[in-house]
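My questions will all concern the structure given below.
For reference, chains read A, B and C in written order, and residue numbers begin at 1 within each chain.
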Amino acid sequence: MQPFFYERADTLEAATRAMSGRPGAAGDVQFIAGGTTLVDLMRLDVMRPDRVIDINPLRGGLNQIEVTAQGLRLGAMVRMAEAAQHPHIVSDYPVIAQALNLAASQQIRNMASLGGNLLQRTRCDYFREASFACNKREPGSGCAALNGINRQHAVLGTSDHCIAAYPGDLAQALIALDAVIEVTGPEGRRMLPLADLHRLPRDTPHLETNLRPGEIITLITVPAGVWTRRSRYVKIRDRDSYAFALASAAVAIDLDGETVRQARIALGGVAARPWRAREAEAALAGQALDEASATKAAERAFAEASPREHNGFKVALGKATLVRALLETRDMKV
Amino acid sequence: MPDQANAAAPAPLHNMGSPVPRIDGRLKVTGEARYAADFPINNLAHGVLLTSSIAKGEVSKIDLSRAREVPGVLMIVSYGDADGLEKPKFGNSTSSSMAPLASRQIFHDGQIIALIVADHVEAASQAAALIKLSYVTKAPTASFGDPGAEILLAKSVSPLHAEDPEVGNVEEALRGAAVTLEARYTTPTQHHNPIELFSTTCVWSDDELTVYEPSQNVYGFRAEIAKQLKIDLQKVRVISPYIGGAFGSKGPVTPRTAIVALAAKQLNRPVRCVVTRAQGFTTATFRAETQHHIRLGATEDGHLLGYTHEGWELTSRPDPYVVGGTDTTSRLYAYGAVSTKVNLVRADRNTPGFMRSPPETPYMFALESALDELALKLKIDPVEFRRLNDTMTDPISGKPYSSRSLIACFDQAAKAFGWSGQPKTPRSVRDGDWLVGQGCAAAVYPTIAGPATARVRLSANGAVRVQTASHEIGNGIRTVAAQMAVERLGTDVAACTVEMGDTNLPPAPVAGGSNSTASVCSAVLKASDAIRKTLFDAAIGGKGALAGRDPSTLDLKAGHVVGADGTQVALSDLFDSMGIGVIEHYAEFIPEGMKPDAVQELYAGQGKLSGGPKGKMLQYAFGAEFVEVRVHSRTGEIRVPRIVGAFAAGRIMNIRTARSQLMGGMIWGISAALLEATEVDRTLARYVNRDLADYMVPVNADIQQVDVILVPEDDMTVNPAGVKGLGELGNVGTTAAIANAVYQATGVRVRDLPIRLDALV
Amino acid sequence: MDDPLPPGRDSAGFGRRRFLAGSASVGVLPIAARAASEPSAAETVRQRHFTKLTINDQVYQLELDDRVSLLDALRDHVGLTGSKKGCDHGQCGACTVLADGDRILSCLTFAAMAEGRKITTIEGLAGPDGHLHPMQQAFIDHDAFQCGYCTPGQIMSAVACVKEGHAKNDAELRDSMSGNLCRCAAYPNIVAAIKQARDQMHGI
């Protein structure tokens, strides 16, 4: 690990001011909350910030969960464990609670913040080992995963520059529910749909988000709606716990009897960023939700999939996961 | 000890020892047990390894200048600095003949290039990242079938595999068979990944060196390190009282140790190097990938007529490491005719090494899968198929098994499992969305022992001390050694201390081949019996209540020498009459058939092991494993909710620790069947998943019902203790049992491990 | 929809310039020319702070490099070696300690960030007279360890698991303890031990 300057930010203003620094000045600056991504990658010499700003002292709305008639307001510094067990989230937004509970381990959930979780980085082994060619880590160096071991990699949203999968769970649950995040920076606050936070790799895989210099996620809002209670997160992995998704599906359905008024679908484990599957949603609108229509929706979701040598199974698995999630959600007693 | 019976402490049957709790339990649950990297050392400097990021070629340039500028860096050992070391020869105590600093040539990914030593570990790793390397890279050979892979007959190049067992005319036999099966199987690269990281701490005092390193082989280490450093082995002490998991990985000396010792000598300061998890994949050993081609033939009613088994095993370029599991599989059933062949395939990789039941694990996966496939073709229950082909005679040599309870294991496990024996149509059993399947397979492991020594001391106050340089890797050897001593000396384990894992103690064999209990207990037995003799001679010789008795009628109980009629003399009185405070005896155990200089070899760090097929009778332990698997009908996840294993391993010293070993073994088997694989990038010949997130082992949630049945078995011919090793028995039958069950659940026969949902979805 | 990039700057979060290859392999491998600003060694002055840690109800004043993890502070600077390093990347759970009663991974926590929290390690679990905590005794009773290396982390995690209320049934308990790997595979015995201790802890 390379040396860095450690400082604590007591106020949001201090934090964003520290982050923005002087444009063009030496060094990268990172915020640290739970540290479960940052310390890990710093120890691998994949991330080498010159300054690390500890935002744990920040208080106020950042640490609170608020339930209103308009929906949920989740402070970005709320720990995953707290949100995962919040009775209102468990009962009224089950897809969020499930996505959190199926992620990581209790120790990590106790440490990690919601905002930090959204910003977690890929688990691609070629990214995580600094001596492999990796366009995300070192632009222009190549992508060793393309012709390497790519079983865990993405089949949607990839490019020839990067096929890394976004590994998180919470983001899918949130974008399926049309979450909007508030970010705060030197130029003030702005809101953006969570679905617009993460970028596709294209030819700039090193640019992962649309956060501007100095911006920090401060709030996650989830609009209320009848579909939030009929929602579910299905996560498929090699072992029964403490593993990243091979494929996952976050599903929320506005069901009118047997007919889908609107389905909301986001896919994980299979895509380069949290993946809202709008074509699949369109295929279900106004349909009875059954094996046939669910299968058709899943086909649509993966129509543009580009499998590589080892991850072809993710196409079939991704479809099966989505079908399973749709039917299980349909069958929920709500 | 708790009164209530619990699953961990079943009731002993027959000749089984009671479930005494581990005597090191308190130390382990309080964090007081010291593992190698826990020892507090004054003035410690910290070393970090730098390893290569190419698999083949040469380091053309190495620039240490920026690394040296990091505040706190004390020295960097690299090319040219280790020329005074002797190069290791590949053998039992060394992982490889490759001496990484002897030349700039790179033989494998992750080869040691430098050791950076600093006064704090953060500076050392910072400096390591600032070392600038230039390579001249050559295209490496990663594995089977890659350009440059070199195939050789194992028996021509490796002393570890002297011959390919065969008997009869197998081609003729197969031609005459009513039903045949031909199939190919593969197993992947695997790594031991014990939770304790590899580490080396070297402390010099003048010309004497103390090494703290987790080791399954302290005497072997001592001799080998002394040899590499070109010093007298009497000047080296290896200390390893607790090992945080080994499974074979901590048996051989690896190249880092001598380099750390060198740095400590030159700095005149102790140095500790903790190897990172990622570095552990390439700087130590691993289980090589294998391929198998099996042919079997049988009569219509299920009698085997012929068996051929050809295996391919990967190894490094310079070192002919081989496991040759056909040595076991060829003797297992009444095959009729047998032909086997083991090939080595050389590639640009680090050298493999022993990993839990090295030969049996891959080869039995292939054989027990093939037998199941043939049983299905024959429409015979796989359990009955084993019964029909059971044998008490080795088909290769004609020698008898000293004891063999394979069918009893199958029958007991089948009953406990609820095995119906009716062959089921695949995909015919469902539970909701889950397809259910059942499968079974045999487990086998040779009974091995080695020369061992022990010193046992009895004090006037009844305290017992056992000293032997054996290795507590979690097998419970401290506890069973104490049990053996106190059984002979008529007292309780609470009165007994056991010292192990230190070359200042009398030597014991490497903790390999599951020999520890058999070898160590035999030595402890002898030393304890020598104490009994001293006490009984004093009791019958003096003027006490037992004067003149026949010593064979005496026993030791609860601090007294007792006669057959109940007359007793207190030990304290006996010691008083002898005028001494302690009685201490040293004893040596040599397995039958080994030469008298076997103990001298042990002291020299060259101890040998014997057993299995080598003696007048075959010595093996057996088991049978039955599993239920569930496969999700949509998304293909494979889960094992239930596994039952029945095992017969001669005398069981402690049914608590034995059960835990077998349970742990079966869970290892589940892991190997469904999760473990080191992924090798075929272009770069580099391991890609070098951490515990991507090298998957089971988590708690993966494991549900695991039932261990210990089948009583008597065999006093194997060694004086009557013990057969079982630490490496439990994982041998699991992979095939699971593959067989997956077939029944899904109709898909997976012949390549690990079985993942990729093949099923 | 991706924002267009302002000229000369990349989007914050992950500044473009700082992704340098770790082990400096230059040469015939196709790695692009390194970005401009590697720190010179002269700039890499050690960053150290006085850090006050409260461990097992005792206060320690340590002068630590900012990079020191809580795990390394415990093991190398305070001398409490009960917490173990199994991976140093938050993947095995052997380093689990309690911070204000919450189970956390000490290897992924900078020591400086543990200031102000009450840290409990395995050494702080037994009573002052040496009386074992019910969880420790249960682990002995049920043979819930073999080599013992993961055991301190298992026990700390288990104590917290029970207090969190995540040990109500077997399935929940197993899942909740899945952040602690055991390669000796003592899992069924670990589950049995936790259930015994749970019943005793709730009865206390």
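Things worth noting here:
Just so it is clear, a contact is a pair of C-beta atoms (placed from the backbone, for glycine too) under 8 Å apart; a residue touches a chain by one contact, two chains touch by 3 or more.
Computed from a prediction, not measured in an experiment: that's the story for all the values here.
Note: the chain lying farthest from chain B is A, by mean C-alpha position. By number of C-beta pairs in contact, B-C leads when A-B and B-C are compared.
A separation of 23 Å divides the Cα centre of chain A from that of chain C. Between chain A and chain B the centroid-to-centroid distance comes to 42 Å (mean Cα coordinates, whole Å).
Look at where the CA atoms of chain B average out and do the same for chain C: the two points lie 29 Å apart.
In chain A, the residues touching two or more other chains are 1-3, 45, 129-131, 240-242. Multi-chain contact residues, meaning those touching two or more other chains, occur in chain B at positions 53, 122, 126, 129, 691, 693, 698-701. Across the assembly, chain C contributes 22-23, 25, 29, 44-46, 65, 67, 88-89, 174-175, 178-180 as residues in contact with two or more other chains. Of all residues in chain A, only 1-6, 19, 23, 26-29, 32, 34-36, 39-40, 43-50, 52, 54, 56, 81, 104-108, 110-111, 119, 129-131, 133, 136-142, 196, 199-200, 206-215, 240-242 touch chain C in the complex they form.
Against chain B, the residues of chain A that register as touching in their complex are 1-3, 45, 123, 125-126, 128-132, 144, 147-149, 151-152, 236-244, 246-247, 313, 316-317, 320-321, 323-324.
Contact residues on chain C toward chain A in their complex (touch as defined above): 1-3, 5, 9-23, 25, 29-32, 37, 39, 44-47, 49, 65-67, 69, 88-90, 93, 96, 102-105, 107-110, 112-113, 157, 160-161, 164, 166, 174-176, 178-180. Taken in their complex, chain B has these residues touching chain C: 2, 6-9, 21-22, 24-35, 37-38, 40, 50, 53-54, 60-61, 66, 69-72, 120-123, 126, 128-137, 193-197, 242-247, 274, 276-277, 472-476, 656-657, 659-661, 663-665, 667-668, 671, 691-693, 697-701, 703-706. Every residue of chain B that touches chain A in the complex is listed here, in rising order: 53, 122, 125-126, 129, 278, 433, 634-637, 639, 674-675, 679-684, 686, 688-691, 693-694, 696, 698-702, 756-758, 761.
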